[in-house]
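The structure follows.
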């Protein structure tokens, strides 16, 4: 299984969330973070003037999924998070060994349907 | 070493925390998240009436432990987080390569006792 | 690629952030957490008297980097986070499989420069 | 030697100047500022507060210099050039009448109606504070500074002159004791026109059928506190609107006004709570709806009817919110028209309905049963005249500002939030900023 | 022509109606609402505020219609059918005495004691606002609406009649100037009985020996603000309790009352700060404890003794909290009985102790040294009678509500938090909600 | 029988005691507490509030017992042993003059100047509340408790005696109506000396050239609310400073003072907003700067000049902040000297400049054109004398406390935050604490 960690603009959360749910990926965990990207001391270009802000508020979305769904999920997130400007965010993918449902202790190593 | 990421009900934190400490697993990091589980648009059944709430506040607990302690820790968390109803949460287990103590730079790759 | 998760004192963030940026590691994500270390029920020694506080506020910094930069980054973080007392924090290192830039979908598996 | 009446007048002035405008001061600015701040998203909190503060700058000064004289120192029924305008050489407003006017006893000092000058500016600032709620989360600062100055100089004084300054509505017996129409309908209607011209927030109406979507505010406690500060100020408003100049009247009026005001607020809270499973924000909004509705007839309505008028106000607000969002597709962000516009109209009409002595209205201020029809028609004519006039002036004002690109921020600024993009700050800076190295 | 006394009375009425009840208004509802909101966990903030708002709905109306006449318009020493009840035809309360009563000068308008009607309702609402603090984080909304109506209609007016409405306690010389017992002991004891019947919050008492556990509130700044708003209102309470009807008395009384009130609060804050390493929440609670204790004898006690009484109040509160939690195992969630009950009792007794002129009490209102024993016994009898009566009535009321399943929420609702499960909201909606798609 | 003047005096007393000090009460403590709380980092919020509360403990008591008699009951031009000091046997302050003094009419009850006693303690508490802002985020609790007692007992009463208690400055015609220098310069200068002695916060000045760094506060809404509460209180201050004892004066004075106060605040807000892209915190600070500046000449300056004085205050504050940080390298954490010190000085001088009738000053209170030079020199002499005296006393006081290791916390305590390390709490306990098992 894979963990997808997407760091996106705050106002994109609801679109991503909806898109994922519509395609059957309902499970996710999200929280507010502050971040800095490639440009140290990111410069946002607003209205023609440059505005300096070091750390910007972002939303992080963690989704754990089956390996086979990785491409689909990445595509959905990118499609709904992109504006094409600096600050769109980053996605990190890593490996997850086990997923366990607390309610009944079911493990996804045996039954991938619980994710 | 393993990282256990447990997403549980907020009010279960203090029980889990105590249970872990009692068994010698004192180290942990925790923060508030919002989450959505298997059912998109989770429906909480309260008092016989269905209440709709998309993202619900949850607590995430990260515990990094030695491989040999994994089963014990999972067991403790599940036992203390479970109510048997929807919304009990999920646990994700993944691999950690190195643990370093900032105070003295000691690395758990060499000395697992520091975790 | 590697993910470095550093849990440090809140007031060390700006020093770490600056040090990383100065060495060219501008990307990072940070958020507030509460944590407990080796000593269950950490005891902070302040002014000669012991003060008890179970969970203490900390700052978590996530930095994703190329494998080759790991040692450099660890060194920078440790140097700027250390005071030498209990509570300095822990660093966890784990593996990241893919990094994707949302803006243009570029993947770091192919082009490590995007990290 | 000072007469008994002088003593009485001086004390009343001490009270009405010392207490009433100060309470409103807090109300108009802190109350609206914090109420609105709680209702917007975190990224727009600072901006929302500063938009309310605008009343306390140039607009305040401008009303003093021009607006106030326009409203009170001309005898033309519509609007005329004032007989007095303050200068360094001649700074003090002449006394309006021997017995004083508008709640302030004639000043035995001969120094003129400074107190009235002050109190009335507070009413104006309140009307101003209402407006930016409608355009919240997407409006420019300097465009609003200009709009506020225009409103303070001419738009608000026009209506004020009609109703309180001896204009045509006061001549035909129109009743608006503490501003259901002068303050609230004016503010609410200006808000509605501004919201219409500026257009909805990005993402407010979704899909082809434009389903409205709720943007949740960042903090209910702040909204609750703001609403309570407004309630506090409302007593400044309503009690401070007393025109009593002798002991009997003051007794009759102040107690009566206090009780009807409280009753109508309680009714509004109750009505709104009933229809919202006790939702606290809706309930507080209901309380304010009741407060708006009672302004017009606070001195006249029986307390029990005031409670009933309040319940209706609470329900009316909810209904109007739905109508604006689902039917008209206007994004009045913080429900400004439903509260101040709709309930302002309702309050003026309710005065025409419940003001008859036969059904328990004030034994002196109430009107006779036979006047019922006439009174209701006058109230209706007045409220329509004010509503339509303000709608036209508002549409012109905001249309011009929009053309001049002074009304709405850019798409990027809106998405990043107005706090950081316009004012270079966050509302909770420690959590969100760290640019020191 | 109006006499000099009329002028004076009118101005005093303007002041006492215009200022005192409005200050209390803020106090009783906003102050308690925000104090309590800061002291509960995030998941229960909205619910806690709406529970306090309940005073401003049906209960307010019911007290006007029934409770107030019961308290003041019957001559029976215990409780009798009132001689007057408001109707549409006969809406105005007759004047209680020629010179007026209870701080409001007789109305020269002949319109009756509307002002008294208003002021007294504010005291009732304050008593109501105290109660839900004890049952916080686990109580139902509609059960409390019913309980509040019952309290407003009969329970509170009963005690009010005894002490302020000419009942048996007023006859024997019982002193409670501004409500240490009428308002605070009544509210605090109702809270205690409710907390006893409803049972502790899930997880409050842990293990076999039922060790009490602290649930930390979500925000100290909100609790601090709430407490300061209460302090503000307290001056409305205490100054507004003046029964002065001539210039001399008002001079003697208002200044004296202001100073003893401030002194006792300062003492309470100092005492509580000393015993808590300057913990800010504990200190603010200490301030309120002092404020509760001084209500009874604010017009009588010497300022220096008031400071001492305050220090003792601060300590007494801490002691009572421990006693309830560790010995009685009652979960009075927000320390309602320790502050309002215990310090209410202490204040009534302290009036009996420090009210003698010989030790510096008010030169006119204080009592002679020889009365000391009698006065203390009267205070003791009064406070016991009130405490026991309220305890019994409270137990019956909450027992019945509990039987009817109207008192406590379900286990699930409590765990999820009352905001989302009862009111479908969160206190900080933007952070926590997002159900729009 | 009571005379007409008695009635008037009694009502005025009711108003000035009932309203003015209570408003200031909120101002001095809640307002400063919440303003400062919003401006510090999360880890120091509780501590910051409790430091402000200190005024309400021993210091309050000490001022009553010693400070107040020192200020008003001696005839020595500098400082003398008071003719009266309160005891249990002789608790009441004798009346200062037949017609009363300092805004409180002579008490017909013969009970003495209790009201003055109360009001003046509120001014003292305000001066106290200013100081800890300068040393915020690194100061000890008990050291400040001692400093506050010393200030309340001797330092503040010294200046008060000079200006308001018949001392040498009052003799030469120095004008400070409501405390630009007595309250604000005193508080601001004490803060500056304390900040100088205690040294900067860890990390305030970075690198070899000591570049100042901004520590962002944790919440703009709290700072905004605190500032508005202060504004509310300021009207208590300025209106409550009236010395009017007859109807004419009260009319002339109260209205005039209200308007100039509001105008100068509006000017300050406007000035600060203009220079900060409408930054809301800077604007609110500008509002307060205007409020500080107007205190001295609120009864004298023309409203239009008051607006101008306000604009200058807003700009002056920003300039002074930069000067302290960049040139003097003093870490006055919450801009206490720029607001209260610099604008206090400016306000006193502005009174000398704009107080001439020829340029529109109050027709009765203003001075003649020929006095202009003399008046300005007196204002200058007074403000220098006060500034220098306080600077010396402040340096001595804080130097001694520092030597005694009572001023600054340890490095660890500062890093962990004062809330948890000194008071064992967090400002948002639920989020941050969980030590129950």
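As written, the chains take the letters A, B, C, D, E and F, and residue 1 is the first residue of each chain.
Keep in mind that, in the parts below, a contact is a pair of C-beta atoms (placed from the backbone, for glycine too) under 8 Å apart; a residue touches a chain by one contact, two chains touch by 3 or more.
All values reported here derive from a predicted model rather than from experimental measurement.
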Original post:
In terms of C-beta pairs in contact, which of B-E and D-E ranks higher?
Top reply: D-E
**OP:** For the Cα fit of chain E against chain F, please give the angle of the superposing rotation, nearest 5 degrees.
**Re:** 120
Original post:
Between chain A and chain E, what is the separation of their C-alpha centroids in Å?
Top reply: 51
Original post:
In whole angstrom, how far does the Cα centroid of chain D sit from the Cα centroid of chain F?
Top reply: 33
Original post:
At what distance in angstrom does the C-alpha mean of chain D lie from that of chain A?
Top reply: 45
**OP:** Give the residues of chain C that touch two or more other chains, as numbers and ranges in rising order.
**Re:** 17, 21, 31-32, 34, 41, 54-55, 85, 94-95
Original post:
What are the residue numbers in chain E that touch two or more other chains?
Top reply: 4, 7, 11, 15, 19, 219, 225, 424, 426, 431, 433-434, 436-437
Original post:
What part of chain C is in contact with chain B in the complex they form?
Top reply: 2, 6-8, 31-41, 54-55, 58, 60, 74, 77-78, 81-82, 84-86, 88-95
Original post:
If you look only at chain E, which of its residues touch chain F in the complex?
Top reply: 4, 7-8, 11-12, 15, 19-20, 23, 41-42, 206, 213-221, 224-225, 228-229, 231-232, 235, 239, 246-252, 254-256, 258-259, 262-263, 265-267, 269-270, 273, 276-281, 283-284, 287, 302-304, 307, 359-360, 363
Subject >> chain A-facing residues of chain C, complex >> reply: 3, 17, 21, 26-31, 64, 94-105, 114
Original post:
For chain F, which residues count as touching chain E in their complex?
Top reply: 2, 4, 6-7, 9-11, 13-15, 17-19, 21-22, 25-26, 29-30, 33-34, 37, 45-47, 49-50, 53, 56-58, 60-61, 64, 86, 88-89, 91, 107-109, 111, 114-115, 117-118, 121, 141, 219, 222, 225, 422-431, 433-434, 436-437
Original post:
For chain F, which residues count as touching chain C in their complex?
Top reply: 43, 203, 410, 412-413, 415-416, 420-421, 424, 426, 431-435, 437
